[in-house]
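After the structure tokens below, expect a handful of questions from me.
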Amino acid sequence: MARKRQKRKSKIGLAPGTLLFTGQQKMEKAEFSVLIYNEDQVQEITPKNLEEVIHLIDTSKDTLWINIDGIHDESIIENICSKILVHKLTMEDILSVGQRPKIDEYENYIHIVLKMLMLNKDDEVEDEQLSFILHKNILISFQEKTGDVFEGVRKRILEGKGFIRKRGSDYLLYALVDSVVDHYFLILETLGEKIETLESELLVNPVESVLAKLHHLRRETLDIRRSVYPLREVISKFEKIDESILHPDVRVFIRDLYDHTIQVIETIEVLRESASGLLDLYMNSVSNKMNEIMKVLTIMASIFIPLTFIAGVYGMNFQYMPELEYRYGYFVVWGVMILVFVGMLIYFKQKKWL
Amino acid sequence: MARKRQKRKSKIGLAPGTLLFTGQQKMEKAEFSVLIYNEDQVQEITPKNLEEVIHLIDTSKDTLWINIDGIHDESIIENICSKILVHKLTMEDILSVGQRPKIDEYENYIHIVLKMLMLNKDDEVEDEQLSFILHKNILISFQEKTGDVFEGVRKRILEGKGFIRKRGSDYLLYALVDSVVDHYFLILETLGEKIETLESELLVNPVESVLAKLHHLRRETLDIRRSVYPLREVISKFEKIDESILHPDVRVFIRDLYDHTIQVIETIEVLRESASGLLDLYMNSVSNKMNEIMKVLTIMASIFIPLTFIAGVYGMNFQYMPELEYRYGYFVVWGVMILVFVGMLIYFKQKKWL
Amino acid sequence: MARKRQKRKSKIGLAPGTLLFTGQQKMEKAEFSVLIYNEDQVQEITPKNLEEVIHLIDTSKDTLWINIDGIHDESIIENICSKILVHKLTMEDILSVGQRPKIDEYENYIHIVLKMLMLNKDDEVEDEQLSFILHKNILISFQEKTGDVFEGVRKRILEGKGFIRKRGSDYLLYALVDSVVDHYFLILETLGEKIETLESELLVNPVESVLAKLHHLRRETLDIRRSVYPLREVISKFEKIDESILHPDVRVFIRDLYDHTIQVIETIEVLRESASGLLDLYMNSVSNKMNEIMKVLTIMASIFIPLTFIAGVYGMNFQYMPELEYRYGYFVVWGVMILVFVGMLIYFKQKKWL
Amino acid sequence: MARKRQKRKSKIGLAPGTLLFTGQQKMEKAEFSVLIYNEDQVQEITPKNLEEVIHLIDTSKDTLWINIDGIHDESIIENICSKILVHKLTMEDILSVGQRPKIDEYENYIHIVLKMLMLNKDDEVEDEQLSFILHKNILISFQEKTGDVFEGVRKRILEGKGFIRKRGSDYLLYALVDSVVDHYFLILETLGEKIETLESELLVNPVESVLAKLHHLRRETLDIRRSVYPLREVISKFEKIDESILHPDVRVFIRDLYDHTIQVIETIEVLRESASGLLDLYMNSVSNKMNEIMKVLTIMASIFIPLTFIAGVYGMNFQYMPELEYRYGYFVVWGVMILVFVGMLIYFKQKKWL
Amino acid sequence: MARKRQKRKSKIGLAPGTLLFTGQQKMEKAEFSVLIYNEDQVQEITPKNLEEVIHLIDTSKDTLWINIDGIHDESIIENICSKILVHKLTMEDILSVGQRPKIDEYENYIHIVLKMLMLNKDDEVEDEQLSFILHKNILISFQEKTGDVFEGVRKRILEGKGFIRKRGSDYLLYALVDSVVDHYFLILETLGEKIETLESELLVNPVESVLAKLHHLRRETLDIRRSVYPLREVISKFEKIDESILHPDVRVFIRDLYDHTIQVIETIEVLRESASGLLDLYMNSVSNKMNEIMKVLTIMASIFIPLTFIAGVYGMNFQYMPELEYRYGYFVVWGVMILVFVGMLIYFKQKKWL
């Protein structure tokens, strides 16, 4: 996960509610896409400019989903939000990409901030901040850049599958959040596979490079956890949103979504524990390998050191060394050395070091 | 425990409530088995096809237990569930084998998801998802494949033992869940025995293979924990189900079941701590063994290195080395070497390294 | 603590409430002992058979304490319990020795399950399941075998000490539970002493045998914790038992008992932390010892290896080696070797390895 | 973070509410600065002495912010506080620099204690105690010394930016606390950067100096955590302050502030986990390095020890050693030695130690 | 902290409420000291015997503080307590020195048990059990032995400082508990200083003796924690004591006291974490030192082992060894050896082991 540096520094000292984009600009120009639908018909529009969007907000009676890719232009956010009387603090939150997932209920709208997790082309996890504003029949979604996990929802709306077209903007909001959470499972599976790959690598050959990978994985898990944990509370509050905004029928679905969120969190915990277990395994493997090395050293040294000593003794140049003159002295010494050698081997065998 | 890969990926983008089996198909064709009973009589039926089952649901006034082995056929699930007005989300849950244990209360039925744990022929733990739908006098159980832990309950119904025949479908549901929980104890005992076996192996000879086994065991414990933990909440909610569904007399039994669940969870915790303790023990044994190896090396090297040095000195070829010409030089050197040797031994003895 | 294998296996598939003793039979025949008392008089009876006990239950108006040693005979338990309308599940709990401590309140009686901890003759902790049934003026206690911690209470009743005789069966129940909890302190003290002994052993000589002892101790602590932890909840619920069963005056005593229980639990936690601290201490001692060994090896090897090399050089047999012919070559070489030796010593001294 | 020694000792035995400054005097003389403003106008005053300040309190009808740098003079604190009927205990808290962040609500005022974190010129974190008293239209802030994080707020008031001028003293209090919390992010970012720098250092070369830095960082994190954790509770209580003191409009902002606080705390937790992960990484790197060293030693020793032995054997001086007289004995021995050498290399290659 | 062995054993089997002193008798004879005061006057009395104390209880209308040093004489405790209708269990608690800090509210009095921590002359922490009974205008304090932390309070009463004389016995109780808690800070500071001293020792030279000190410190911290933790709950309950006993004005002070208690507990936690961090630091230092030792060994051995081998080769006595006869053979060998030596140095330099 690319570590985004929150440009908090630049905000210090500014009034709360000051609109300032704190992320990195990821696209040249904000892009709009709009879906208007009711049970009978659906219309897909790609507005060229802000005015067109504002006009749609003013006129549409059907469910209206406005998606905005690119939130670096503060004025666009401000214009749209003001149109539906969004609080300054909400606008600020939409623009601050380092937000913690949360749900805020205001008199006339609800505001949800999420982290959308996606895999980039290097199979690394990337997060993107996602904000929703649900105001009557209008749902506005704000993304940092093009590319999202909503294709399935779009398709269902356009093709009229499921009962999404029969429901209003509250169900749409649920469906989008559900897509995000569903995508978490994909990410976690990928992570789980990485951990399993690492585990088999580890059991075969615990090289040092594995350690760096493991460290990287733990960090990735940590980052994901941070994005996902607050979701539990968010969905729990979402379920309790006032009936005037949330149709009771939709509530059943959110309860289901809540179960999914718990499952995501538990999966993350399992991944974390697996990663920890892997670290233990790695450290033990390393220590076992070291042991094996020590054993070889010990055996070699312990066997040959006394033998070398014996050879050294008879290499001394004393004028009077009786053994040297014995006829079979040399062979006797060889015999002694072989005895020592065999004795050592037996000793190590007994110790189970061989 | 075989790690089932949840086929979440294939579900992403689908509408919530879309029926799609996410597991691995474990049997060719779904099989039905039915028990109809009241206090006086009992009837065991093996319906050939779906229509027969539907007919039974329509006509039976007695307690009706329909068990379905094999949930890979979405249409069967949908047909049966629709018959008793089950919510789309419930059907989806039945088909999603990666479910977390849970209980859902709907207006006209309750839905329980559990993990049934069984030992396969390699003595490994296998889990299987189990769903119950309790609707008036009808209890439907959904299993992934043939083979379950309900033989005892079936026997009691058929032989009229206990007061199971005097009670309705709510007591039957309790009895089945109780069987599942009872079976957990069996699994945990087996795990406990494995850990004890490992412990004695460890104390005798801490070889590396033990480590892999231990890692495997910890993972198994982790998986079981994941299956069992949510049960606490499930049973706790089960006890509080509305009286219209759950007879007060049955509630006493569920309280007892709750106690068992707590006991299962505590046993798992004890197993986890035991496994951790074992890892400590292993690491300490390994480090002790290494110490012993180091000691041997140190003693051998420390004793013979100075001796070899002495021998080396008198192996030098200087023309003028007075000692070499002494009559007893050789023996004096031997004396010195023996002194050094003995001195070393005493030193190590003092250090308690011998 | 002897690890009792819960014979759960044999129970799987049986109806809940089926009476089956799950422990090991520890005595040949169940034995009864009865105390009947009021403020003025006390009577001690040892009934020969069940009928006598049943008769006492039927006729006694005073406080009646029936103690049963040996619960392996299901029929005895069933007969007595049925007499005072005890629920099937309670009977099952009495017979299942693997119970978790708990309190159950029924309409006409309360049922408490505890673990009584005692030291056996090898100074090891043994547990025994203890069940109480309090029904009006009757208290029945069930033990696995002869031998308990109630001598003090018996004495007080017989000698009329304290105000135990002035109170009813509720106070008696309190007094017995209090005895059990008081005895926990004794066990914990013994454990604490063992840990302290181990600690002094450790600081003197961290041999490997200490590790096995420590492992044993940790396990013992774990087992005790498991027996004692649920007690907190039990006593807390006990205090809140309905006034019709529990006289308000007795409640003050139970509050006191609750404080003791907390104290027991805290003591266990302290013991656990001490044991962990000891493990750290052990591992550090071992690693320190290893360090010391390594230092000796390093010093010996580092000093003598270069010296041996020098000796080796002048042991070469080249025809033309000018040094060998120098008059004082030998002594110069000795000088060099002594210099190297002293230099090494100084270096190690500086490094604080000597 | 400079560890301030709380001069608690000197306070022991004094009556509660005794006014005694417990910190280190950081400036010669307390300094006052005052801002008086309403929506239309603003006035900045630097009072020379206490009387002037008291006079302002007496007369001002507009929002009045009195900032006091330097709290070592007990009489000044007492005089000002008495003026607006502040409780003795509050005065004592203002003077005790070792306070835990807290909020106290009194009848006529609220009192908030915070830790202001700033980086000193060595890039180390320094904390300073900050107390606020909010009494009707008056806000008094007490700092230990000159220099704070309020420049942005001052500027906004003076330049009339944002709607700070349209709000009263409650919003001012919020704005100041918000500045402090905003500054925490800056501190945490700096810490995060330090950890990342350390991490890259570590991966390149795990030298010992890194360990000390890491220890320092963990301690800094610990200190910050201690300053920030209680804030969660403080802000949470702040939000619930009575409406008579806190305008409902301001409450929305405090809810936002609460979110920021949670985010700060979570960031700290992530930093802590990162630091722990780094320690693991370090220890593993060290142990890997050690392994590598051991391998080199083992390989060198294992290869040359047997070779040296062979050379030693033929260095013996026995009169009868047949091999010595063979024409090609010397070359045969070389051959054997090369064989052993190559054999060893192949063995180590197989073991993957090369 | 001296580990007091609770003489629980001797109490087992006794009736609850049996009065038996469980500590070690620390002084020969119990001593009384009494302060009687109202706003206008104060009187200090040292009663010779029990009767005098009883008389004071009977007659005094002013605030009466009776302090008793020495609680080994059960009859004294019983006499005094009976006088003001104290429950048997309270008397038992006063005499049991192993009590956990707690507060009990009875109809006519409140009872507080605390641990007073003091440094003995060896700078070690010693604890002493302290019980208070507050009954109307009378406060009785029980200490194990002479010497306490109340000098400041006595002085304030005698000299009429603060408003202690204007308040009743409830404020006195608060003031005494406050003294105890204030003293905890002193103890914790001392501990903190010890830890810092240890830390600097560690960074300079991680000798083994540090480990024992660290172990001792951790244990001390553990003991203190055990004494202080329950205080949080005690003070929290104290604050909620009925108004008839506790004047609302005093409640504000207890709230302040509660803050102090939290601060004490947090300080303990920080100390514990510091001690753990120190252990990590120690273990890392040790392992670093070991690494350094290993490096020296490896370098020495790796350099000289091949050199010695070369020397060994030319020490062989083969009749035909062409090199030996070369004119400059000896010098060529020296050259080779120097090359090997330098090559090794460069290799180790590259590996950063030098």
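To keep things simple, chains are lettered A, B, C, D and E as they appear, and every chain counts its residues starting from 1.
We adopt the following convention: a residue touches a chain if its C-beta (ideal position, glycine included) is under 8 Å from a C-beta of that chain, and two chains touch if they have at least 3 such contacts.
No experiment lies behind these values; they were computed from the predicted model shown.
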Exercise. Between 0 and 180 degrees, and as a multiple of 5, what angle does the rotation take that fits subunit C onto subunit D by Cα atoms?
Worked result: 145
Problem set entry | Distance from the mean Cα position of subunit E to that of subunit B, given in whole angstrom | 43
Seminar exercise, completed: Expressed in whole Å, how far the mean CA point of subunit B lies from that of subunit C is 26
Exercise. Where in subunit A do residues touch two or more other chains at once?
Worked result: 287, 290, 294, 297, 301, 305, 308, 312, 315-317, 321
For this session: For this assembly, give the contact graph shape among line, ring, star, complete and other.
Result: ring
Exercise. Reading around the ring from subunit B and passing subunit C first, what chain order results?
Worked result: B, C, E, D, A
Seminar exercise, completed: subunit A partner, complex, touching residues on subunit D are 149, 151-153, 155-156, 161-164, 174-175, 178-179, 182-183, 185-186, 189, 203, 252-253, 255-256, 259, 262-263, 266, 270, 273-274, 277, 280-281, 284-285, 287-288, 290-291, 294-295, 297-298, 301-302, 305-306, 308-309, 312-313, 315-321, 351-353
Seminar exercise, completed: Touching subunit A in the complex, subunit B uses residues 5-6, 8-9, 11-18, 87, 89, 93, 98-100, 102, 104, 205, 208, 211-212, 215, 218-219, 222, 226, 279, 282-283, 286-287, 289-290, 292-294, 296-297, 300-301, 304-305, 307-308, 311-312, 314-317, 321, 323-325, 327-330, 333
